[in-house]
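Submitted below is the structure of interest, expressed as structure tokens.
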Amino acid sequence: MTTVASRATRTGKAAKPATMAQALQRAMRDAMAEDPTVHVLGEDVGTLGGVFRVTDGLAAEFGEDRCTDTPLAEAGILGTAVGMAMYGLRPVVEMQFDAFAYPAFEQLTSHVAKMRNRTRGSLPLPITIRVPYGGGIGGVEHHSDSSEAYYMATPGLHVVTPATVEDAYGMLRAAIASDDPVVFLEPKRLYWSKAQWSPESPAAVEPIGRAVVRRTGLSATLVTYGPSLTVCLEAAEAARAEGWDLEVVDLRSLVPFDDETVVASVRRTGRAVVVHESNGFGGPGGEIAARISERCFHHLEAPVLRVAGFDIPYPPPMLEQHHLPGVDRVLDAVARLQWEADS
Amino acid sequence: MTTVASRATRTGKAAKPATMAQALQRAMRDAMAEDPTVHVLGEDVGTLGGVFRVTDGLAAEFGEDRCTDTPLAEAGILGTAVGMAMYGLRPVVEMQFDAFAYPAFEQLTSHVAKMRNRTRGSLPLPITIRVPYGGGIGGVEHHSDSSEAYYMATPGLHVVTPATVEDAYGMLRAAIASDDPVVFLEPKRLYWSKAQWSPESPAAVEPIGRAVVRRTGLSATLVTYGPSLTVCLEAAEAARAEGWDLEVVDLRSLVPFDDETVVASVRRTGRAVVVHESNGFGGPGGEIAARISERCFHHLEAPVLRVAGFDIPYPPPMLEQHHLPGVDRVLDAVARLQWEADS
Amino acid sequence: MKKSSTTVQEPPGAVVHRSTPPPAWQPRTDPAPLLPDPEPYRVLGTEAVADADPELLRRLYAELVRGRRFNAQATALTKQGRLAVYPSSTGQEACEVAAALVLQEQDWLFPSYRDTLAVVARGLDPVRALTLLRGDWHTGYDPREHRIAPLSTPLATQLPHAVGLAHAARLKGDDVVALAMVGDGGTSEGDFHEALNFAAVWKAPVVFFVQNNGFAISVPLAKQTAAPSLAHKAVGYGMPGRLVDGNDAPAVHSVLTEAVRRARSGGGPTLIEAVTYRIEAHTNADDATRYRGDGEVEAWRAHDPVRLLEHELTERGMLDEDGIRKAADDADAMAARLRDRMNADPELDPMDLFAHIYAEQTAQLREQAAQLRAELDASADPAGDAAGQGETR
Amino acid sequence: MKKSSTTVQEPPGAVVHRSTPPPAWQPRTDPAPLLPDPEPYRVLGTEAVADADPELLRRLYAELVRGRRFNAQATALTKQGRLAVYPSSTGQEACEVAAALVLQEQDWLFPSYRDTLAVVARGLDPVRALTLLRGDWHTGYDPREHRIAPLSTPLATQLPHAVGLAHAARLKGDDVVALAMVGDGGTSEGDFHEALNFAAVWKAPVVFFVQNNGFAISVPLAKQTAAPSLAHKAVGYGMPGRLVDGNDAPAVHSVLTEAVRRARSGGGPTLIEAVTYRIEAHTNADDATRYRGDGEVEAWRAHDPVRLLEHELTERGMLDEDGIRKAADDADAMAARLRDRMNADPELDPMDLFAHIYAEQTAQLREQAAQLRAELDASADPAGDAAGQGETR
């Protein structure tokens, strides 16, 4: 387990404000510069630099053969990336929005996730699949899905999502360096989030798979990831007024899942709320809550609760604020953690 | 909650042995005879009667316009079914195997599941999507996936799966009658399972959504569905020797989920094991265990355990028996339900 | 060694040798010309204008002017924060308008996300047509009432819907044609392929109408396809393909009319490519200067659908200053009404989030709706809320 | 009323009127003939035989005989329970064999699930090639070592892989061609469309080889497509399409060789349709009498690829009784070896289930592996197992 503090020290020197989008761009740029087998492909990733500008400048710097505008066909993009990886390249694929990764679902589940296993390890596929995901940006329908449950349910994929600028860089580098396929979920509404970060001396790349405690606390643990981290940190601040000292765990990696960090935290606090934007039913929270309940049974003072998006298709822009788990909803759940029994 | 006993009485008169495949065929036949808007379409469903013969005879009886061999393209099949439903038909779509439904994933998630909501209720899509699923039949790769987690994570779909011959008929009739899209998961390895059942007087159609207690017991509850019901019933028999009296709940419907039946059972027994063939991590069991833990917290003597397929791509035929949850693995889990603490 | 030759499992029939495959499996050859004319069909500036119905030409002109004005107004509404986004069809009005006008009452239109104008030209209240882009709901109208499918954002996914609907109508014996719109980029999607194939095999009464406006966001056609034209894709499905100048409104109208007629009379589907140009950026959120030069845009402005028709009508004495002014006034009035109506906040009920998930609300959704209801009540009555929170649960 | 006309946002350039679209967006026309010859190309029974390399003809014959024998042996193995399933390519051996022979060492083959024979003809140990169908693992060989992609069960999904691989090789400047095989049914899938389009746009060195064997399981070609031929689909991607008699081995070899040469020399992809017939049922599990008559099968047996070539070679004095016997003996010997080797049970280690999920095993998989290990140990030592179960946990 790595804590924020320790990581911040390592990169704190020449730090300037940078957005998550910039950190992601920088990660691809550095990876491409270091390793000529890294290729970026997708819709509008070349000349335009991506609709979120995350691939800005890559085509200019590395040429269109390294950063390629493909025809508009997601199965084709991921399917050709499989072939490129079979030949030894390390493709980084951009799906333009969460819901527009669905056409590539068969390639993802039947080939990308399974190829290493199908071939007894002789054909690993080091493909990074970048998927801007989640809501909160006022997008019209099909532009705000939280699709992580689909990927979590598919053995053979790594599924990760950064929540900070620094992690955006480090985790994307790690994803590209991984010899396995990684679904790299980028929280859309954090693209423009800023942090002090030094692109001149980016943090060393740690392998993916570890959660991090973003805030220590004693009363209860908020387990979260990606776009909901900010909400949880705010909720933890607000909770102080109610007398609750909340710990916040940022999972960062959904697959593999860091049971160790999560379980240690919940055993300490005795209470847990899982928070995510994805629909509740059948969403990631079920798996997470079930794991916690199984592993921390005798330490729990209250059932593990979940705060999630409702079990509905993502709402239109004008109603999305009612769907997204916000600070109040998190605090409501914390309030339901059976404090009376405790006192 | 309906128990087996009560249903059996209703249909017990002229009962003869019938297979699940026959009951499913009969359900479509009766629905087509009663309602001219019911159309069956898919690959090989016409002349051949489907690779599992579930649509046997329908084209001969109702003509190729009512039971249609389509071109080989799953997105096309489901996409045209959407259009047919828009015009007032009630399409019953067959996906030939679980993994071959993946090409239709975008149509399913972005249109089928959302159309009613997108149009404020003015365009419901009464489509039944039949998916033979699960393993145990010695199929080569891509022919044995348990894909229910994907469908459960998609609001707007009903997701159901029969485990008995009688339910195969009743639930398929109910699915076809539903004004909402229903993903109808057919356990492949039960296609040839037989039961006393009377096709002459099939059971009345109940709306979908209710679980059923298949075996009452006091020690612990096995929560299961589809292909794993047989395993659980066998395990319950075997458990008697160990002194455990197990209750077995057949969920039948994953969406909507029958909290009432499940919770009542677990509150009674105080212990639960969720059993399914699907991969454990991110699979249906997480959601189910999380719900039980949340709702039965103070009644639980032990953590809710899960017995599931491993977190691996479905194995080749010669190794599948090691992957599939069998009686022993269920009994192992029951043994871990902290009986010592109890005594 | 007789044994060995018989183990090479040979059927008795194999002694006969026929050098060509049995007739049943001969590839079918079609007497009709298979390839589309590579030169886009044109009416304006040609003899064909004389044959055109003057009434239709004036109608088209009026609609083009309204359409152009509609696009301008909708773009303005994005700047005023009244629309979440607007993908403008400025420069493509001839296609949008013609698509709406060629259909009869009972026919269905399947628009893509850029085709709000076609929907409006078909007669739908523009405020309802703009619901998706305003963001108060996903689809602002009852598709069955208007026979207009929801504007489709996932590209090309609406095409199989059109095929299925047309097929269903045909099976029922109803006189219904479906016209499905898609962009040049959308032709690369698998759904395009599957839809055209199903339509051809089923001889469904569908018209596939591709607006080739040169770009899929930033990606030019040359990176999208290596085909001689998008209309040439028809060959692979065994349906007629047709190229038309997409900025020549009477030409588009004529080609579409012919295809609709073919569909209606049992002749099956047609693929039409209209060559046009997206004058504005992809949407108001896009910066087109990143991927194309002004020169190209200017060249296309010189081939503007509104001006082309205006010029022709004026030259032929079918339109004068007065007519031009009248059309502009009419368009302005429409735009003013639209602006006023869009300036009113839509009425929103958050509880609608749970109203249309299933025919019958599930127990889980009832719980969730109750939760939201309670939150809304609490925030309407903040005092009661802030006080009791910790204890009431 | 000046105001009104200016509100119809007009660019300054719009006063110029040009009746044709700017040249940049003219649809491209290609001088090369776009349509494939609707008559399948043939060598046997034509002048072209004389030009063919006699060595090649004899090689093809020997391979066809082996291929036929391989199919028969594999089918027999299903009856003996030694294979889980076998989709036979009996009747299609000319295509299978030619596909393997036209490739060089460094080239890649992308087979579909029916193409075990092509994989074997390429030189892979047949036991490894049959691993998938025996059921001890999914793929029995290292694809990179043999430059043979895994046999693909999800239809048409292997086609984009071939394109990506060929594209990657071309970017690297390597001399590599990818040959991708697919059935007539597979051409209806979206992946077929996307793969061909990417290949054409990228000018990737790929050959798409469709075996039109008349059926997709039970579905005949007429329900699959309304195109004049499957080769005609090439037109829509701007690549050459070619029809060939799929039972005429030298013809298939020649057409494939030409396409491979075009790919190798930078000429981009080709689509080839071989007209052939699936003599056996879809697999041993299928009952073909449900959907086709014997007459049709008999008619095709009369156009058998092995006999056609044998007949031609015999007629021309290039093959005698002795040669026929030698080929049959060689095939029999191969089959006997295969039968013997397949009669041995494969060595299986259930722990392999966890060995190749990720480069590094996750904590969760380690736990699960330990669980299986314990179960296996317990069942190896059943006494210890049955006793301690309840208490040890």
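Order of writing sets the chain letters: A, B, C and D. Residues in each chain are counted from 1.
Following the convention adopted for this analysis, a contact is a pair of C-beta atoms (placed from the backbone, for glycine too) under 8 Å apart; a residue touches a chain by one contact, two chains touch by 3 or more.
Quantities reported herein were computed from a predicted structural model and do not represent experimental measurements.
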For this session: If we define chain centres by averaging CA atoms, which chain lands farthest from subunit A? Would you check?
Result: D
Seminar exercise, completed: Of all chain pairs, the one with the most contacts is C-D
Problem set entry | For subunit B paired with subunit C, centre-to-centre distance based on mean C-alpha positions, whole Å | 38
Problem set entry | Whole-Å gap separating subunit A and subunit B, where each centre is the average of the chain's CA atoms | 32
For this session: Specify, in ascending order, the residues of subunit A that touch 2 or more different other chains.
Result: 70-71, 73, 75-76, 99, 102-103, 106, 110, 114, 117-118, 141-142, 155-156, 255, 257, 281, 311-313
Problem set entry | subunit D, residues touching no fewer than two other chains | 137-138, 154, 188-191, 193-194, 197, 201, 223-225, 352, 357, 362, 364
For this session: Quick one: which bits of subunit C touch subunit D in the complex? Just the residue numbers, please.
Result: 1, 4-5, 7-11, 13-22, 24-30, 34-35, 38, 40, 42, 44-45, 65, 68-69, 72, 90, 188-194, 197, 200-201, 203, 212, 214, 221, 223-239, 243, 245, 247, 268, 273, 275-277, 279, 296, 298-304, 306-308, 311, 324-325, 328-329, 331-332, 335
Exercise. Which of the residues in subunit A end up touching subunit B in this complex?
Worked result: 75, 99, 102-103, 105-106, 109-110, 113-114, 117-118, 141-142, 149-150, 152-156, 255, 257, 278-279, 281-291, 293-295, 297, 300, 302-306, 311-313
Exercise. Taking the complex as given, what residues does subunit C use to touch subunit B?
Worked result: 137-139, 142-145, 149-150, 154, 157, 159-169, 171-172, 176, 178, 190-191, 193-195, 197-198, 201, 352, 355-359, 362-364
Exercise. Which subunit A residues qualify as touching subunit D in the complex?
Worked result: 65, 70-71, 73, 75-76, 78-89, 91, 103, 106-107, 110-111, 114-124, 155-156, 158, 178-180, 209, 255-257, 259-260
For this session: Can you check the complex and tell me which residues of subunit B touch subunit D?
Result: 43-44, 46-49, 51, 69-73, 75-76, 99-100, 102-103, 138-143, 242, 280-281, 310-313, 315-319, 322-323, 328-329, 331-332, 335-336, 339
